[in-house]
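One structure below.
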Amino acid sequence: MKTLEAFAPSLRCAAFDFDGVFTDNSVYVSETGEEFVRCSRADGIGLAVLRALGICCVVISTEKNPVVAARCRKLGIEFRQNCDDKVAALSEFLAAEGISMAETSFLGNDVNDLAVLSRVGFPAAVQDAFPAVLQVARWVGQCRGGHGAVREFCEFIAIARQGTKL
Amino acid sequence: MKTLEAFAPSLRCAAFDFDGVFTDNSVYVSETGEEFVRCSRADGIGLAVLRALGICCVVISTEKNPVVAARCRKLGIEFRQNCDDKVAALSEFLAAEGISMAETSFLGNDVNDLAVLSRVGFPAAVQDAFPAVLQVARWVGQCRGGHGAVREFCEFIAIARQGTKL
Amino acid sequence: MKTLEAFAPSLRCAAFDFDGVFTDNSVYVSETGEEFVRCSRADGIGLAVLRALGICCVVISTEKNPVVAARCRKLGIEFRQNCDDKVAALSEFLAAEGISMAETSFLGNDVNDLAVLSRVGFPAAVQDAFPAVLQVARWVGQCRGGHGAVREFCEFIAIARQGTKL
Amino acid sequence: MKTLEAFAPSLRCAAFDFDGVFTDNSVYVSETGEEFVRCSRADGIGLAVLRALGICCVVISTEKNPVVAARCRKLGIEFRQNCDDKVAALSEFLAAEGISMAETSFLGNDVNDLAVLSRVGFPAAVQDAFPAVLQVARWVGQCRGGHGAVREFCEFIAIARQGTKL
């Protein structure tokens, strides 16, 4: 099994779960049921570097709340939300981009990521992922979700690809 | 006294306090007094599993702010809020469902849960519950309120009932 | 110098700073400058117990944002905010209530509490108060501001007065 | 290379990054994409002391969201946001004030602060800055961004200048 460093040169699409990866898996709820999530400002610089390397970035989330779209639009990355079947959603996205599952990574945190993690070329997990996810991940970050996990993953890829730090 | 593992097969209703169990016991207050609470995305998967097992879930809260209702509606679980008497509120709910107190668990955190904890078949507490609650709980989670405590309880029940992980 | 336990029987008014005592000293700011603060649900039970003991509770804050008023109204306690001179504000409040400074405690966290702490009968501090405040406090809680500090202080008084826990 | 204590007497402008310095580098996002940030109430007292010493304070941020302006207005400090080039933005600000880069400090946290940190008289970093920033900083605080980092820096300057604590 390849390490993330060895896989990096063939990476064409970096896919991510949203809650627990871009966020700390918390949700702030108002009296009317409006939702807010807590993200990290650090992630933007990481994603910009991946884009500069020509790597496609996409969020695949089961969550239906529009907060997912709101954050992805700010970061300028593609997203598919309200996905009961993450494998199908990612497959469809990749087909349109002409990228294979084998050229794709997925950074997840919870058991509803297990199916898609088993299909992509490189399964990865945030530091505070659930045990079942940690077990299948071939790379586990040192950052918790929402605390720089996306930035850390992107920076790792950038260094592996360019031999340079952000 | 039964362990939670031994009690699980007879569990028909899992009752929960709200603040400090579904939340980290914090409340965010706006200039106009609107309230927001911080919950965990992890809890939804746990509750879905209990429902699939046919176990009834209900929140019993003294808090009158509509944020309780907002969160419970998103999670699709029953709730009774603004309850000065949690024992009466839970009794009434269980009577309508045809479930006995003996077949019910309660996961709490603060001293206003003590009366109802003394009446249910299985009293449980989150990791950061107040000392008096920890003292009467027959199961104490490893997760703090709002940080996966509900998910952890549900997962424990599911494993005890099915012998399988989520 | 009396301990808090020895002082408790003569306590008639418990005064508190707001930010850093009822809150974790953070402020959440919106795009339009609206402010939100993070408080603890645990504090309400503590304040209710002090009221039941006939002890007057009041918040004295320099902050002018209406979020102070919003939280105090929910908790049902008196407050004076936008106070450049906390000693004057507390003195005026106590005069109207017929209570002396000597019968009053103050729970603070920052250097703008130093003057009033030097005047009250019992100066106290939260666990994460600034060093200069910790130095003059005759009681320092184990809880941080916004994480149960008010509840802890109230509970300490209640036990000292009644010999019973909440 | 001068220590911050040795540099303090010549300090005429204290410049700061915003996200990760005034905040904990998190951003709270609503369903409509509105952003909120988490700041510390402790910072206000520190900035007031610098102003009293006649030291000019300014925030230089790449972030375009108006939440930066909202917080700076509350604190009463100058700001330049939406700055792709922080060196240019700070230079222009200093020119108008008649202050040189050599008389200026910058407190930063992320790699987009590196260019400006290399130009000012005194580069500083918060405790949880990224490694590349920690490496060039000549002073690293003990406080994390959004948890009193600005207050700590200001207090350090005030003590160095006046020999007195806040």
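A, B, C and D are the chain letters, set down in written order, and residue numbers restart from 1 in every chain.
FYI, a contact is a pair of C-beta atoms (placed from the backbone, for glycine too) under 8 Å apart; a residue touches a chain by one contact, two chains touch by 3 or more.
Remember, predicted model here, so these are calculated numbers, not experimental data.
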| item | value |
| --- | --- |
| Distance-maximising chain from subunit C - centres being C-alpha averages | A |
| When subunit A is superposed on subunit D by its C-alpha atoms, the rotation angle in degrees, nearest 5 | 90 |
| Interface numbering overlap (same over half, different under half) for subunit B and subunit C | different |
| Centre distance in Å when subunit A and subunit B are each reduced to the mean of their C-alpha atoms | 31 |
| Sequence positions of subunit B contacting 2 or more other chains | 28, 35-36 |
| Topology of the chain contact graph, where touching chains are joined (line, ring, star, complete, other) | ring |
| Subunit D to subunit A touching residues, read off their complex | 19-20, 23, 25-33, 35-36, 63, 110-112, 130, 132 |
| Partner subunit D, residues of subunit A touching it in the complex | 28, 34-42, 45, 65-67, 70-71, 73-74, 146, 148, 165-166 |
